[in-house]
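Consider the two complexes below, in which chain A is the common component and chain B and chain C are the respective partners.
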Partner chain A sequence: MALYLAKRACGLAIVLMVMSFIVFLLQSVIPSDPARAMAGPYAPSSTIETVREEFGLNDPIAVQYGHFLVRVSAGDLGKSVRTRQPVGDDLLRYLPATLELILVSTILAMGLAFSLILLLLSGARSQVLRHVFIALGSTPIILLAVLLAYVFWFSLAWLPGSGRLQFRDFVGTTGFYVIDGLLAGRPNVSVDALAHLTLPAMALALPFAVAVVRSLAGSLHDVMRQPYIRTARGNGLSEAAIVLRHGIRNAASAPLAMTGLQIRLLFGNLLVVETVFGWPGLGLYMTQSFATADLPAILGVSMVFGTIYILVSIAVEIAQSLADPRIEL
Partner chain B sequence: MQANPSDVVGRAARFRLGVFLVGLLMALLALAMPAYAEEILRIPYAIDIGTFDPDNGFEVDGIGAVNNVYEGLVEYAPGSTQIVGLLAKRWEISNDGLSYTFHLEDGVKFHDGTALTAQAVVGSFKRRRDGGLVLSYMLGNAADISAPDDATVVIRLKQPQPSFLDALASAWGPKVISPVALTEHDKSDKATNWLGEHAVGTGPFKLAEFKRGERYVLERNADYWGERPYFDKIEIPVVPDIGQQILKLKAGELDVVPTNFSFAQLSHLPAELEVTAVPSMTQYALFIKPRSPLDNPEIRRAILSAINPSLWVKDVFGPYAELSKSAYQNLMLDPADPIEYPSDIDAAKAAIAKLGDVNVVMGLHSTKATYARISDRLIVQLAQIGVKATAHVLPPGAAFALKGDPNAPDALLTIASPDAAHPENQARAFFTKDAPLNFYGSSLPGADAIVDVAGTKTDVAERNALYEKAGRLYVDAGHVIPLVDVKDVVVHAKGLTDLGLRPAFPLGNIDFATVRWAR
Partner chain C sequence: MVDPVLTVARLGVVLARNGERHRVLDEISFAVAPGEILAVVGESGAGKSTLGAAIQGLLPNDGSAPEVSGSIRLAGLEIVGSPPQLLRSARRSLVRAVPQDPMGALNPTMTIRRQLHESADGDEALILDSLRRAGLSDERRIARAHPHRLSGGERQRVLIAMAMMARPKLLIADEPTTALDVTTQAQLLQIVRDLAREEQTAIIYITHDLNVAAAVADRVMVLFGGRMAEIGTLRQVARSPQHPYSASLFAARYDLNTDRSRPLPTQRAAFRHGETSDRGCGYVLHCQIARTDCSSIRPRERRARAHSGLVACHRSDEMPLPTLPVAASREAWTGEEVTDGPVALQLMDVHKHFPANRQRVWESPRLIPALRGVNLSISLGQSVAVVGESGSGKSTLLKIAAGLIAADSGRVSCLDPRPQVIFQDPVSALTPWLSIGDQIGERMRPRVTSAAERRRRVGEALQHAGLDPSLMHALPSELSVGQCQRAIVARAVVVPPKLLLCDEPISAMDVPLAAATLNLLNDLRRRLGLAMLFVTHDLAAARIVADRIVVLNKGAVVEEFEADMLQSPFRGAVTRALIEACPSLDAMLAR
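After this line comes the complex of A and B, so read on.
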């Protein structure tokens, strides 16, 4: 395990380096000029040149990348072109909202997946509900987000449609408002934070859950035809016990891999969902940074997402190994 | 036991007195309630404010908030392009046009309680000019900025610039920042870091909360030297999605959708909403690539016949736009000889048929729906005369990289609006050889020479005639095709009035100092 973790840590460093280099290369092919975005369209070329010099944008890409690596090794991700603040500070400001959303949507996705599995196992009466779930999960994320907002916020007024919290005076210690509310002895803050989380988390969780369930259903279908399942049936075990004890465990590898994949897709979906729901997280920060070609900010978010993804991949691989001992780490 | 009649009378009197006092108290409370109820305006921003530093960022949506916290020497009067005093109550311009003397208002205080002095103005203006900040160019022609006394500021220019007052009145013009704040927070960075998220100006509102990605809150400056604003507080949530903004307005969670409301939806708004539309400096125009098919005057004439805006302006904008009369916005310059589009479609068809296949590729400056609606109409119109036109949205920032690009589209559909309401700003921004927004780098030395002369004239009629002449040359040479001037359209809850929209400001920039509910 230690060797595996050490290998993966080295892999993480290499992946982040390659990814950051790709983002740097993108800068040389995209037409956007951060200096122009910063100084405005009317600024004369002399001003643009000054800004480019200040941010080192006139240096060759390789030199800029070298400077970036030196800065990163000292924990400095540079300064955002758009906010003029250190990118590290910006990331710390936006990260808790995104992590809280990812966490809640993952929990929700698992809950939905479990419910769907139960529906799948419960027979023909659940077909309509099953198809509704699948239709919702297959809807493009932007439509799903808008639909959820329209129905549950605008039409029914059951849940808030944007923002993170209605208590404007509240300042949390961790940045995770659900936890902060409890820590501060204000459960109403936690409830409100959960209410605000529900729709964006639902938009992220639905496609996630459906994909995992589809994968699990396929695997389970094959596993339930294996000889050892017939043996278990022959031994008089109940169908539920067979599925839970032998079926799901042996079928877990593919859905676990799908979970890792879905978490990667989740980062892309975050950009859409956070924009639709005005969720002040890294997705919104990234979207706004694209418009101003704010490379340091884009790079910073990419590094965070890349790190989270690799950590999730490690967790998934460990889980796969635990579920199926044939898979070695 | 029988009650004493005098006790009964006393109890009754006390009861009546009690009822009277309770009634009086309730009446007083009722009277007092409106006075103490906080008036809050809720207006969304689609994108975050990058920086609140008035000298170091080019904010578009957020400039309204910046301009309600900071003030400059002069401003455009709401609803017009007339320049009026703000922190300067009056000013004089020397006969040689080089020296501007401003006399400051009395009794002005910064939000930190310190008094406005001429030295503070000098300090702020020098910070902008010399601090390496991105908006320094607006004071680039200022040779010297001085304060002969506490209430007078003198700016001496390097060369005459009749548009200088417009530069000062521009939405991005120089503002005055508290010298105490500048000194306290200068970490060898001209306080740019601190001023990115904090503010100490003299304006009618103070920056009370700056929470990126979530909201900004402005609170009324109780010690404001000018007229007291109606609203106590301005809440500005960040709502990136226009669909969400509209739903929130309809749900009563917002009072205004300042920009980007679909023109198609304006004619059937719910009864509780209304539109305020005023003329603006937003001119949609086509900039033409040199050596494109449109370089051929015959093709250009045919194309002009087909894309004649009078054929589609109502379809796209309803009553909220008018035909552009020149290369300048109609509000900025009313030309003596307005542009007239040819209208002989048959002749256009014949010309194109004679020339063979004509293909035109249009680049759209942004993903904004209006660009697509205009380009759709243009494509259909051009198809009628046999021109095959296509359009695609350019990636962000790509419009600024078209110069010398052989793969650039034949024409760029963009909004040509200057940073101030002076024809000099329009010509120098879009048309002259080194103009930053001369997208294709076109050059017409004869027209540029006329702009040079016009830029020295103080007589408005004389200067306008020269700018019009130069503008006509740019149009006739096929550098630009002005299309339509579009109004600034704000959708808001019924009863909101005095929005204070300024034509030379970016769209939807409500003046929080003037806006109020009509009672």
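After this line comes the complex of A and C, so read on.
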């Protein structure tokens, strides 16, 4: 286990290096001049030149990358071209919103997946459910998000469809507003934060849950034909006990891998969903940074996403080996 | 007589397979008393396993529900037509089963202790005690372990312990030793016998191996095509079978004393569903003494003339049964034994280790020796059998000879750059979506470019292997297991190899099929002058198929001798132990 974690930590460092290098290379490839972007469209060329000097943009790319690595290792991710704030500060500001959204949608997806599986096992193997699955699985995320916003916010006005909170004055300590509301003794803030979370989390969770359920249903179908299930039946266990104790755990590997895969897909979906719902998180920040070719910001967000990505993979592998003792880390 | 634990009366089962409905069991009636062991014998497809499943109330339900008629009374409880709740409680307390394949029958994600605990409500002491009684001496380690840490023999003992813990009135053992080596088999048979004697458990022992049946059973029931042919005490039925099918079944078995200079006696054909009418006798197409009315009037069970059991045959009283109702040629193998041909395979001082799992990161991996300095040489035209218990390194030896794995040290030289291998499971050794002809023809693709020539040679190879050449267009799923095995042999010999390697090719087969396969291999190797390496744990098969037998123990060759000298008094301890572990019907009859 210790060896495994050490190995994966080294892997994390390598992946982050490679990723940052690729994003860094983008800078020299795309037809956009960061110095021009920073100085503004009407700045005289002398100003642009000064900016270029200041940010070391005249150096060869390898030297720039070297400088960058030195800065990053000191904890400095550079300054965002767009917000003119240090990227590190920006990340810290937007990360909690995104983490909150990821966590809530993952929990929601697990809940949905579990209830759908129970529905399937209870014998409701209806064609309707199948078609709903296929429809949900094939809807593009942007359409799903817009539909949810249209129906539940615009038409029915049941749930808020934009932003994180309706209270302008509230400042939380942790940045997770649901928790902050409770910490500050204002439960109405928490309720409002949850209401704002519902639609974006739903948009992220629905395709997630469908993918997990389909992979669990598939592998459970195979597992229930295994000889040890027959042994369990021969031992006179009830069908529910057989599925829960012998079936689910043996079938867990594929849906766990699917969960990891879906959390990774979530990052891409975050860009869409945060933009649609005006969710002030890293996804929205990234989308806006793309528009202004704000490479330091893009690089910063990529590093955060890359780190979460690898942590999720590690968590999935550990979960798989806990579920199945034959898988060694 | 005490009340029987199980009374089955006119049991009929119709199952749907691939959309077709087949009568798998037809009017079966018998009873089993407490402490009695009833062997159910017959070839694959005779309905043996379905009988076990029906008694447990666990008939397969693929799409359409199985039709069950008649009655199964288990300790006063009627199984047929009972609600699931009742069946479940019967399975929990009255009837338990030991399955055929111990490798897959335990949940891989649960420790043995938890599985035992779940199977019968018992405390730690009972769990450990059951494991010990099932012959596992280090019961604490076993209880802690997950199934994948245990060998096949250990898993089967765990399954027996699991069944014993519930103290069932009836135990159904469905070929529990087929996948195990003879030594483990002998120990397990002893445990089963003890269980019947000490706990008064009634046992139904399903097997295709009459020698195994002889080692455990008090009575025997012979099934053919889902019908009962004969039932009686094992001793009497074995001495004087009254049904022509039983007679041929008892005649077709082979053991350590079978004549190995000629082909084994085999039955002409296996039973297929739908080939006989429901009205006549199911065996009529294979029977040598059938009359016209045999195909129109179904024989009822009645008292046998020569023993105290029952038999279902019109003609058993009228005439002595032909002693060997068997296939045509029983002439001795021709051709002399080759002793000094060119060497086809030579292993010199071959060593092989496998790394064991590390417990700690800083330990260097422990190496477990699989082969320790093995010397072996096979000349062209010679057949050598390698026998030994499981774990003795026989499969590793074969894989090294095949070039599938490399030896750690020592010299391996093989005359044939591509020796052919015949593996244990013929069905999974064929690609399901390619026709038989394509799979066989594939082997000559680089050399024989003309499609017509390839077809001609595929047809020839199929004929060599005893198959109809028209089967080259069939898919593996359309063939029986025996035909699949023949197709694999055809594939191996279509470009005649110099060396043919066989890895336990018959261990999962019923006796008639195994005998036919042994005959085929014996015939082909003589006809094509191949060198053959035959790996098996079955001494009887080794003796029949090989000129020379090599005994492997813990990775080292302990003895090597001519096959005819197997029973010589000069054999070493390992070989003697293997011989003694072989169950034998004749030995039982002689006692």
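Note that in this section the second predicted complex is superposed on the first by the 311 of 329 C-alpha atoms of A that agree within 3 Å, B and C clash if a C-alpha of one lies under 4 Å from a C-alpha of the other, contacts with A are read in each partner's own complex, and residues count from 1 in each chain.
By definition in this document, a residue touches a chain if its C-beta (ideal position, glycine included) is under 8 Å from a C-beta of that chain, and two chains touch if they have at least 3 such contacts.
The structure displayed is predicted, hence computed values, not measured ones.
**Q** Consider chain A as the common anchor and indicate whether chain B and chain C clash or fit when overlaid.
**A** Chain B and chain C fit side by side in the superposed model.
**Q** Output check: A:Phe290 vs chain B and chain C. Expected answer is one of first, second, both, neither. What do you get?
**A** first
**Q** Based on the superposed arrangement, let me know which partner A:Gly278 touches: chain B (first), chain C (second), both, or neither?
**A** first
**Q** In this superposed model, does chain C or chain B come into contact with more residues of chain A?
**A** Partner with more touched residues of chain A: B.
**Q** So in the superposed three-chain picture, is A:Leu256 touching just chain B, just chain C, both, or none of them (first/second/both/neither)?
**A** neither
**Q** Roughly what angle, nearest 10 degrees, sits at the C-alpha centre of chain A between those of chain B and chain C?
**A** Roughly 150 degrees separate the directions to chain B and chain C.
**Q** Considering only touches as defined above, state whether A:Pro325 meets chain B (first), chain C (second), both or neither.
**A** Once the two structures are laid over each other on A, A:Pro325 reaches chain C alone.
**Q** Tell me which partner A:Ser45 touches in the superposition: chain B (first), chain C (second), both or neither.
**A** first
**Q** In the superposed arrangement, does A:Leu237 touch chain B (first), chain C (second), both or neither?
**A** second
**Q** After lining up the shared chain so the two structures overlap, which partner does A:Tyr94 touch, if you call chain B first and chain C second: first, second, both or neither?
**A** Once the two structures are laid over each other on A, A:Tyr94 reaches chain B alone.
**Q** What's the minimum Cα gap, in whole angstrom, linking chain B and chain C in the superposed view?
**A** So the smallest C-alpha gap separating chain B from chain C comes to 46 Å.
**Q** Residues on chain A in contact with chain B in one complex and with chain C in the other?
**A** Dual-contact residues (chain A): none.
**Q** If you look only at chain C, which of its residues touch chain A in the complex?
**A** Chain C residues touching chain A: 56, 58, 88-93, 96-97, 99, 101, 104-110, 118-120, 146, 148, 159, 162, 166, 357, 361.
**Q** If we count contacts the way the header does, which residues on chain B are in touch with chain A in the complex?
**A** 47-48, 50-51, 53, 56-58, 132, 134-137, 140, 172, 192-193, 196-197, 209, 211-215, 217, 237-241, 243-244, 247-248, 250-251, 394-398, 400-401, 418-419, 425, 429, 434, 436-437
**Q** Over in the complex, which chain A residues touch chain C? Could you list them?
**A** Where chain A meets chain C, its residues are 2-3, 226-228, 230-238, 245-246, 249-250, 323-326, 328.
**Q** Of all residues in chain A, which touch chain B in the complex?
**A** Contacts found on chain A: 30-33, 36-48, 50-51, 54, 82-85, 90, 93-94, 97, 146, 149-150, 153-154, 157, 161-164, 168, 275-278, 280-281, 284-285, 287-288, 290-293.
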